[in-house]
Amino acid sequence: MTKTNPGRFFEDFRLGEPLVHATPRTVTVGDAALYLAFTGARHALFSSDAFARASGLAAAPVDPLLVFHLVFGKSVPDISLNAVANLGYADGRFLAAVYPGDTLTATSEVIGLKENSSRKTGVVHVRTTGSNQRGEAVLSYVRWVMVRKRDETAVAPAEQVPALPEAVAARDLVLPAGLDLSRYDFALGGSPHAFDDYRVGERIDHVDGMAVEEAEHQMATRLYQNAAKVHFNQFERAKDPSGRRLVYGGVVISTARALAFNGLENAGLILGINGGRHVNPYFAGATLFAWSEVLDKAALPGRDDVGALRLRLVAAKDRPCADFPDKDAEGRYPPEVVLDFDYWAAVPRR
Amino acid sequence: MTKTNPGRFFEDFRLGEPLVHATPRTVTVGDAALYLAFTGARHALFSSDAFARASGLAAAPVDPLLVFHLVFGKSVPDISLNAVANLGYADGRFLAAVYPGDTLTATSEVIGLKENSSRKTGVVHVRTTGSNQRGEAVLSYVRWVMVRKRDETAVAPAEQVPALPEAVAARDLVLPAGLDLSRYDFALGGSPHAFDDYRVGERIDHVDGMAVEEAEHQMATRLYQNAAKVHFNQFERAKDPSGRRLVYGGVVISTARALAFNGLENAGLILGINGGRHVNPYFAGATLFAWSEVLDKAALPGRDDVGALRLRLVAAKDRPCADFPDKDAEGRYPPEVVLDFDYWAAVPRR
Amino acid sequence: MTKTNPGRFFEDFRLGEPLVHATPRTVTVGDAALYLAFTGARHALFSSDAFARASGLAAAPVDPLLVFHLVFGKSVPDISLNAVANLGYADGRFLAAVYPGDTLTATSEVIGLKENSSRKTGVVHVRTTGSNQRGEAVLSYVRWVMVRKRDETAVAPAEQVPALPEAVAARDLVLPAGLDLSRYDFALGGSPHAFDDYRVGERIDHVDGMAVEEAEHQMATRLYQNAAKVHFNQFERAKDPSGRRLVYGGVVISTARALAFNGLENAGLILGINGGRHVNPYFAGATLFAWSEVLDKAALPGRDDVGALRLRLVAAKDRPCADFPDKDAEGRYPPEVVLDFDYWAAVPRR
């Protein structure tokens, strides 16, 4: 038997199968600093212990997207080593804040299997859960990937596709324990815009642009201990039509989120991920731009200090977003658009 | 009203106006490690808790230049988003040591306004102050920038240009509380050179050269949460005659300072910034070299363990500095010279 | 006298000379995070405080290779600033675990001197010892370098070449205090492979490939405060036939070790370095691949929870290793092979 991990092929997955992912990970202020260096994120809550304490927390929590990337990275060797494509995310909820010193582990359960008509690949749905050292779930989300079959003649398991919500229900959103934004400092936050200042349908061009270098996405993806070959193996990627290493989609999400500070300064705290698609590949060197749309607004039960905005974040490469590049009526995206991401964020009320 | 920050134009500034900058920032050992990775700095005091404790401090403080960059970064969205050029620094004093765990905030006051004769731009002077979580000032400095007018026909405010000292007076320099260099370990420091070994007028070629890559300056500048567009937006920069992202001047200062270890090993503790100019742009990939000149020496009141050297640090690109490239009699710099920086540093006495 | 360090030339070394290296260094979680970002290392013991505690340790120790690089880096200004080549390592032992917060210092003793027949260079052997803030040795190893003479006519010291063991004896290997792998979690470790599953002579292709960018090796080498000019000074390197900055060999070792996770998941804890040679230069951009060979297996005295594997790690550039590229009968390596590294690692027993 070979000692190396060849990764699971489509016919290796079993419905209901629980997967314990390797390499537990203590998150530290070192990770938080690197996340700033990769993204330039400026949300006060994750940047300042003092600001977090004034918001009722023990210290600055780890940016939810960093938590997402770390949990996601753990799942790669068991789920997507032979993935052709990462098709989407849904039903993601951040269930408890993560603080420096916490240790994350990740498990997944296979919740959907569907062979493609070509019989060469199939779609695998998994629900992945990240937990802390006390066994408390900190993040749960579904993702689905297209995975190669090892043997095209292998009999596929019975088809099962999970029902997924179009969006996380606002009542299922969880705020970090202790959070109190009733005395939120908007000057330190970076803008006067509160929950009440955003309206459904509003679109915001985030103006700024940011290039990501090969070294940057590789370092970020390594930090997340995401070992997917496409991000690092240039020798192999040279045979791809693009000839390029593919940038981990999470790097695009985090870069676009950091750009979105300009207009969404006080919406740093992501509570849920409703959906997300990487609609075109992003290669290092191109400049990312982003725009957002307010899809929905929700009061949170029993809270008058904070509400939730449902936001759509669209990122484009080498394409400023003043005119909001978007999919057309048939759902086809312009080639410059690389990301369409739908999430809930907490925003202080005045 | 747009939600995004367009930045202040020249006519938006008011004399005496106090500006509270966004995004308070807890400095951590993660930041300190990244600062080493960006610069290769080797000064023992900032590298070793044990060395710092033997010097009377509680732990290794954060390199003063890292403090400077973090405070500077906060001021960018309010002051220099529409800056044409960062013209200079003056009267900078480090007022208290910053330790990992401290949270920095920054405020600025407009202290000078002068429209240029073209009426298209004006020069804004600000005094920026960085404070810690106890409200103690840790750094204060003046910088002036050339800022575009939004509307050339706008009436400019009355001209006011602050009087600035040519250099910080030695008596105004502040040593970190508790610092005692009377048992300084010169072997661990990296050279036997003490305060008494330097003479006014002495020039030192720092010999070593260091290239800075696009990924490196971008990561550093993001870590400092400095969002100036010129450092990141390659798509936009492609329209500039250079076609290149401009490297944040602070990256040049820190790289040159790290090179200056070779000859100024025991002069790591910067106490004041007398002046500084970025006299030519630096683009990634070029190799930086540096030389220093001892401009002045000063005893410090009541101290026989430490004195202050006033040093001039000159950096050049793709140009070794054995012959000390310098400005000419008319003050014109060779095109390779990128930095002329004047500062005070503490140096142990024997 | 010049203030800058010109480095020692061959005739400057004296047998038995003790060298105290500058710049003590407190290792932090920031360093550990950067090490992950540079390598993508996934060994659970260094990644998770919780996993380390379940293994009897107080917290996740620092990866032994990071300790090696930090100690090595300190020795460069005193030993290899004028080195033509870093010829080899031997008799390396990790003597105590290093935890975040520990401060490393390094000293070396000259233990061998031998002029080359050309009289232009000589080979210097040094034993370098890294110690923590309690004065306990944490690492001891021998390395030898070819160093230029300042003056070819200078009389060389009497020739002395130390006797070095072909490998560290298993009885001399030191496990971290408190380590207990009797309840090792192989699922979190990343594979079911235990000490007993490996056989002498077994070879493992690690499959994965990883490119290293200029920014990445520079940042790593700066973090290690290794100031060797060849890694940073592109202006000078442009005159070399390669025209390229040379990547610090330790970057190659650490990258290859991270790739070796795939097949050696539970062998993260390096106990000794038997030997190592950089047999061809590696330049940024090439994709590294690696394979391993089990050279020996040893029980450890009084331990039934853990044994030691003697492993040979071979790395190649732009050359997958499915066919185990190796030296020929005359000991000549293919041009793609860049590293041949021989070490002991602890592996849990079942």
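Just so it is clear, A, B and C label the chains in written order, and each chain counts residues from 1 on its own.
Quick note on the criterion: contacts are C-beta pairs under 8 Å (C-beta built on N, C-alpha and C of every residue); 3 or more make two chains touch, one makes a residue touch a chain.
Quantities reported herein were computed from a predicted structural model and do not represent experimental measurements.
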Problem - Touch-based graph of the chains, sorted into line, ring, star, complete or other - result: complete
Completion exercise
chain A turns onto chain B (C-alpha superposition, degrees, nearest 5) by 120
Practice task
Specify, for the interface formed by the sequence copies chain B and chain C, whether it is same or different in terms of residue numbers shared by both sides, with half as the dividing line.
Solution key: different
Completion exercise
Between chain B and chain C, the Cα-mean centres are separated in Å by 36
Problem - Of all residues in chain A, the ones touching two or more other chains - result: 28-31, 33-34, 213-216
Exercise for the section: Sort out for me which residues of chain B touch chain A in the complex. Expected result: 2-5, 20, 22-26, 28-31, 33-34, 77, 100-101, 103, 105, 133, 213-216, 218-223, 225, 227, 229, 232-236, 245
Practice task
Note which residues of chain C are touching chain A in the complex, please.
Solution key: 28-34, 36-44, 47-51, 60, 187-191, 193, 197-198, 202, 204-211, 213-216, 261-265, 285-287, 289, 318-320
